[in-house]
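Shared chain: chain A. Partners: chain B in the first complex, chain C in the second.
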Partner chain A sequence: MATAELAVVRTPAEEAIVERYPAFRARQQHWGGAAVERLREQGFAALKTRGLPNRRVEEWKYTDLKALMPQLAERFDGFSQGLVERAAALRPHLAVGDATRILFVNGCSAATLREQGFVYGSVAHGDDPRPQTAAVISRERDYADNAAVALNSAFMDDWVFLRIPAGTKPDKPLHLEFREIGDKPFATYPRVLIVVEDGASATVIETHDGSDGVAYQTNSLIEFEIGNGARVEHVAMNAAGDKALALSTVAARLGRDARFATLTVTVGAAVSRQQLFLAFQGEGSEAQVRGATMLRDKQHCDSTLVINHAAPHCLSRETFKTVLDDEARGVFQGKIIVAPGAQKTDGKMAAHTLLLSDAAEANAKPELEIFADDVVCGHGATAGALDDNLKFYLMARGIPEKDAEALLIESFVAEGVDSVEDETLREALMDVARGWLKARE
Partner chain B sequence: MPAVQETVDQVKLIDVDQYKYGFETIIESEKAPKGLSEDTVRFISAKKDEPAWMLAWRLDAYRRWLTMREPTWARVDYPKIDYQDLYYYSAPKAFKAPKSLADIDPEILRTYEKLGIPLKEQELLAGVRKQGEPSTLDADAGGEYRSGNVAVDAVFDSVSVATTFKEELKKAGVIFMPISEAIREHPDLVKKYLGTVVPTSDNFFATLNSAVFSDGSFVYVPEGVRCPMELSTYFRINEKNTGQFERTLIIADKGSYVSYLEGCTAPMRDENQLHAAVVELIALDDAQIKYSTVQNWYPGDAEGKGGIFNFVTKRGDCRGKRSKISWTQVETGSAITWKYPSCILRGDYSQGEFYSIAISNGMQQVDSGTKMIHLGKNTKSRIISKGIAAGKSQNTYRGLVSVNHRATGVRNFTNCDSLLVGDQCGAHTVPYIETKNASALVEHEATTSKINEDMLFYCMQRGLTQEEAVALVVNGFVRDVLQQLPMEFAVEAQKLISISLEGSVG
Partner chain C sequence: MPLLEIKNLQASVEEREILKGLDLVVNKGEVHAIMGPNGSGKSTLAHVLSGKPDYEVTGGEVLLEGEDILELDPAERAAKGIFLAFQYPMEIPGVATMTFLRTALNSQRKIRGEPELSTPEFMRRVRDAAQKLNIDQDMLKRPVNVGFSGGEKKRNEILQMALLEPKLAVLDETDSGLDIDALKVVADGVNRLRSPERAMIVITHYQRLLNHIVPDVVHVLSKGRIVRTGGKELALELEAKGYADYQEEAA
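After this line comes the complex of A and B, so read on.
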């Protein structure tokens, strides 16, 4: 039959991956040992055989990475005092209060600190992780072949790890601050591992800011290993530069009776792909996954979740709110997997999109994959314009149309942000939302 | 308490391996040479006495098919199909267009009798009774019941063996005949509409069908006519190693209405058999088409051996303003199902509906759903899907709702629920929602759960057995869909549901 194998035609970006990797790998071989080497090779192999995913690859159906990333930017090289000063001068979108800061300038951690309450180190700088941490570093990752993760694995040049010792709680939140500064396109691949030991708790804030007008590519991977009875609150803010291609992945593994809450607020980047891989490994754990995305112009943001209920008696709630103006494009792909035997799972996923313009586009794919019979799982998805009745109600009370719209949009977004426990942080997040609304006027 | 003997027997009677349509009819048949090539396509076309344009159309499809790949995105897993190891045409030997019952092989008639195709229609086929006369069978039934409200087209392997009520339909101006006849008798209509909803290059299986389709039904309802009776086609695969590729084309002209039913069965065989049909519906201004399917192809045995691969492309085009197409399906058979009856809502104010019950048991794999493509202004769609997985089966709902950026005022409501019976099966939901217009209101909800213990307890406490209680709860669960079926099918479907499910309660 004439269905011959198609010849592999690589894009310039795919060519660059294949060409640059061997030399890069040779330069990086001095650190990390076999575990890092294996991850790097696994990532590269996945990229080499499959290339970058296009829209025919189901998980990338709405974000055609092959088309969106035609060139692979050179990885950043050339730190200088001036650059660090420029980074420090960049005004971040989110006003984070008192926190322990770990600043990443163009993907590299610029600070070396050992704050009380947690252990911090860099695998590349030879900070010897404890055997437990080493075990986490070398563990199997079912998301390892994901294109964004594979790219990060292949090209990481450091791996920052943090450990919150058992039963402790740092008195200040931890702030991972990513700043991308430059005048011409560059690429960064920061990677962080956070081990929250049994009974410990932590608040982790992750912010991404960067130079406008530069088509930089950033690809971050943050992994959480959450022990039995541990609690983690994670808040991420994507305010990357207006020409940036921002890939970011959060992976979390929860032990028994653990709690994990994560919220991602997105206003930045030209193209974003935000992934969450969450796995319940022990019984009785709960996760709250939320997102609030506000896009305009031709921005594109893809939120992709894989929630794997591998253990019974766990609960997850996913709530995503997206506001789209102009020609923006919002994508939500959520998948709840209930493994065989994961009885009494309770999963609910909701994706709501508000379209403010006829040129905007919303794509949603809330998926359920269920292999156990005694479960309660549901998903809902809606897309539509602002409710005219609500608008009329406000306008009838003398509120001008624009203000009425702003109020309604704000309350729509607030539902996603309300869950944040820290009042100051919650207000700071709402300020970003209000700032976005103000720019609409 | 162990189940009483009566219950055990009852359950046994209706388990997967008790497929009751699994018999084989022994008749001589005439086949095309095994395998697929341009010659096969020419053979089929010649057999059907087709005009040259039809052959050219088929050959074009065949050449396209050669360049295509079998899709792999569906959540189904099956051994690779060897397309050269199939017969693409099979017809009962010495087959002529029957003028009366005497022309039809008695074996075939017995087959349809066993399948429970209404006897009265057969009586008509046999010419025992004139149309409009009361049936002698009615006397036994009490006399009052007027028979013959369904016109039947019976398709056996690759050919249509009989179409009833042709005359009566003709009076109303309705054309209902095998598509092979329509190509000869109404070439203009066929040429105008064939392949306009599902183009020859649409997908792997549809393209294959375009090349080798052998028969199917053709319906044309003229302007302003309400079709006086339900139209029905009964498909039967009989021959071994034969693929069935039927093609159905239904056109409802302006302001007309038609309701069409189809039923499918096949013998039990250890080998898998391929069924790749294409159904095209076209509704012009203010027209309405209601299409109902009860699909009960052989599902394979308890170990997953044998069964039909059901790879079907069904699509309706609401071409006219205020037109409406409604799909209702009850899916209980087939080893593998790959089927997405869709509506293209092109005309302003047109409506699409999809009501589905998909029940999987044993080792069955179902990947089914719908597509609602909103192109026109103020178009509406509604999707109600109920999936029930039992045994070791996998049951997936996959559906698309898309709103074009010019389609203002669109409304969609989707509700898809899954029910799991037992802990060995899987139920999956994969909805795609693509909105490009701010005025659209698209709502989707889905739930998955197991049968509520409290409900079961409540029923059993009142003296129902566990099986009865489950059947009752399940029937309640699927009621929304059953209500959409024409009366004749609703009863059959209800029976099918208890058949498919009761065996698996454990």
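After this line comes the complex of A and C, so read on.
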């Protein structure tokens, strides 16, 4: 009896999960049907059994969620027309150009869209996801028990879906704008499914912005189902508030001959955990996965990737650039899995960190799990200060020390951002980097 | 007043003394060649003049137009008019050559209290200078020196020199790694920049470069000191006899 009690010692956050869930579930049962109910229950069961992961859980080794999230903030419930209007008047830190804006205010979709070359719907509002999308909603997810995903599943109160019909391309990029506003802590759990059908293509921009000085907790899940021959360019910008705990997960499943490019640029939040679960399901597909992270003060950002080469003849490139100043901490965990039979897999992963301060800390944990014999896979990680020889070269041309450093840091980050095809978007991302550098002076 | 006056200069790298009391006077309009065997301190002199941090000056003076420059950082020295053409120009991924040139030029102007150049004026200057060096516009859009051939890198150095219009240019082994055609392009570029207002120090191991950039004065550097000074014929003598005399003499 004594041991059983010891085993269930819970933190206040874990206690709150267990206490609040039954009433929340009762309020949510009116939407989504059996598939959503099953996911919700699965998420809750994982959390109830295991609690929040601490550093002894390998997957969370450098981001001890149990310690970093001692309290579970209450779901935001102060929605009003005024709040939505206030949010709609704000602009994200990333100057997103001409795009179709899909605004989420404190986790709740405020979009009122008609068809604009794509289908938008909300499962909670009873929009019909049609059979193919419904099948994606109800499928098994091998990342379902991941703590951040489980938390989102247990406490989601909507599921937004977007569908790009086969062979089409929306006129403008789709902009998922997540805006958290409030003056006391609150929690949000937005969830979006994006189905890009065979031969379709789309650019999806995801921005996260929020109030500074408020310890809000946001936990987003965005899933991409990318059909045969489909192409997706995804750019995410984390400019969350300076006290925020920002958990975000992107999951992508690629069919045959598909292309997926994803870049995450991070300057915000006190603590971020950014996860990518990517699975190649068909032959001949390629994924470019990139990150550019710039942190200062005591910011913490963890980028964790699981790239599952489940099909042969696929290529993935993972390139992460991190700049750390002051006492910031940057974490990179990347795992490439090559399934038995996934021959001719080509996977290369690199994580490079620039340390601008002696007190900054970088952790890198690249892993390869290879179960096929005819593959080319590799990884590399570096961490170091600015190159003194490069700095001298710039200074010898008359560029003062601080400016020389800024130029070198900018160029380091630019290598992560250069791949973005849209020039306006690429420049906007570099403006974010330059803004970060300017604040350093 | 001489443009550059070096008095009894002593300098060390990683606690090893390389320059051991070097004296040199260079006047406006002159081109001086400094020749010497490997390890004699030629490149050290170039780096000390431009202020590379890991080179420690342990004694002596370096005066530019009568002003001691040893306390200035590399950027301040550049703004005063010192230019070093690197033996191994650095590759800077992610920084377009054009951005680099504009930043350098405007930084120097700012330090000197001059206004920034307008974009059209800057573009005009770059285009003119690039054309003379057979540098195409495409190369200017690429990141600084990344993927450039040896010849392209050296031409890029001379392009920077042409734009920055230094009072004193120090060319560190500019001939290294160049075939004869590339060498001519670079030398022509340097010769066009000779002027009564500007001096140059050409550091080289071989006489070959001096057929194209004809010096007014030739110095032999050995074991951290200038051991002989003469006219351009001294370079030919060194070519014929090698450095054996100087290595033994100093040893």
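The criterion applied here is as follows: the second predicted complex is superposed on the first by the 432 of 441 C-alpha atoms of A that agree within 3 Å, B and C clash if a C-alpha of one lies under 4 Å from a C-alpha of the other, contacts with A are read in each partner's own complex, and residues count from 1 in each chain.
Criterion: a contact is a pair of C-beta atoms (placed from the backbone, for glycine too) under 8 Å apart; a residue touches a chain by one contact, two chains touch by 3 or more.
Since the model is a prediction, treat every value here as computed from it, not as a measurement.
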Original post:
With chain A superposed, do chain B and chain C clash or fit?
Top reply: fit
**OP:** With the two complexes superposed on chain A, say which partner A:Gly384 touches: chain B (first), chain C (second), both, or neither.
**Re:** first
Original post:
Which of the two partners, first being chain B and second being chain C, lies in contact with A:Leu407: first, second, both, or neither?
Top reply: second
**OP:** Determine, under the contact definition given at the top, whether A:Asn238 touches first (chain B), second (chain C), both, or neither.
**Re:** neither
Original post:
Should A:Thr203 be classified as contacting the first partner (chain B), the second (chain C), both, or neither?
Top reply: neither
**OP:** Name the chain, either chain B or chain C, that contacts more residues of chain A.
**Re:** B
**OP:** Look at A:Thr304 in the shared chain and tell me whether it touches chain B only, chain C only, both, or neither; answer first, second, both or neither.
**Re:** neither
**OP:** Could you look at A:Ser220 and tell me whether it touches chain B, chain C, both or neither (first, second, both, neither)?
**Re:** neither
Original post:
Now for A:Ala359: first (chain B), second (chain C), both, or neither, which partner does it touch?
Top reply: first
Subject >> Nearest-approach distance, in Å, of chain C Cα atoms to those of chain B in the combined model >> reply: 15
**OP:** Using the superposition on A, tell me which residues of chain A are in contact with chain B and, in the other complex, with chain C.
**Re:** none
Original post:
Any idea which chain C residues touch chain A in the complex?
Top reply: 50-54, 73-75, 77-79, 83-84, 86, 89-90, 92-95, 100, 103-105, 107-108, 111, 143, 160, 164
Original post:
So in the complex, which bits of chain A are touching chain B?
Top reply: 1-3, 58, 340-341, 343, 353, 355-385
Subject >> Touching residues (chain side chain B, partner chain A) in the complex >> reply: 66-69, 73, 83, 405, 408, 418, 420-450
Original post:
Once bound in the complex, which stretches of chain A touch chain C?
Top reply: 388-390, 392-401, 403-404, 407-408, 410-415, 418
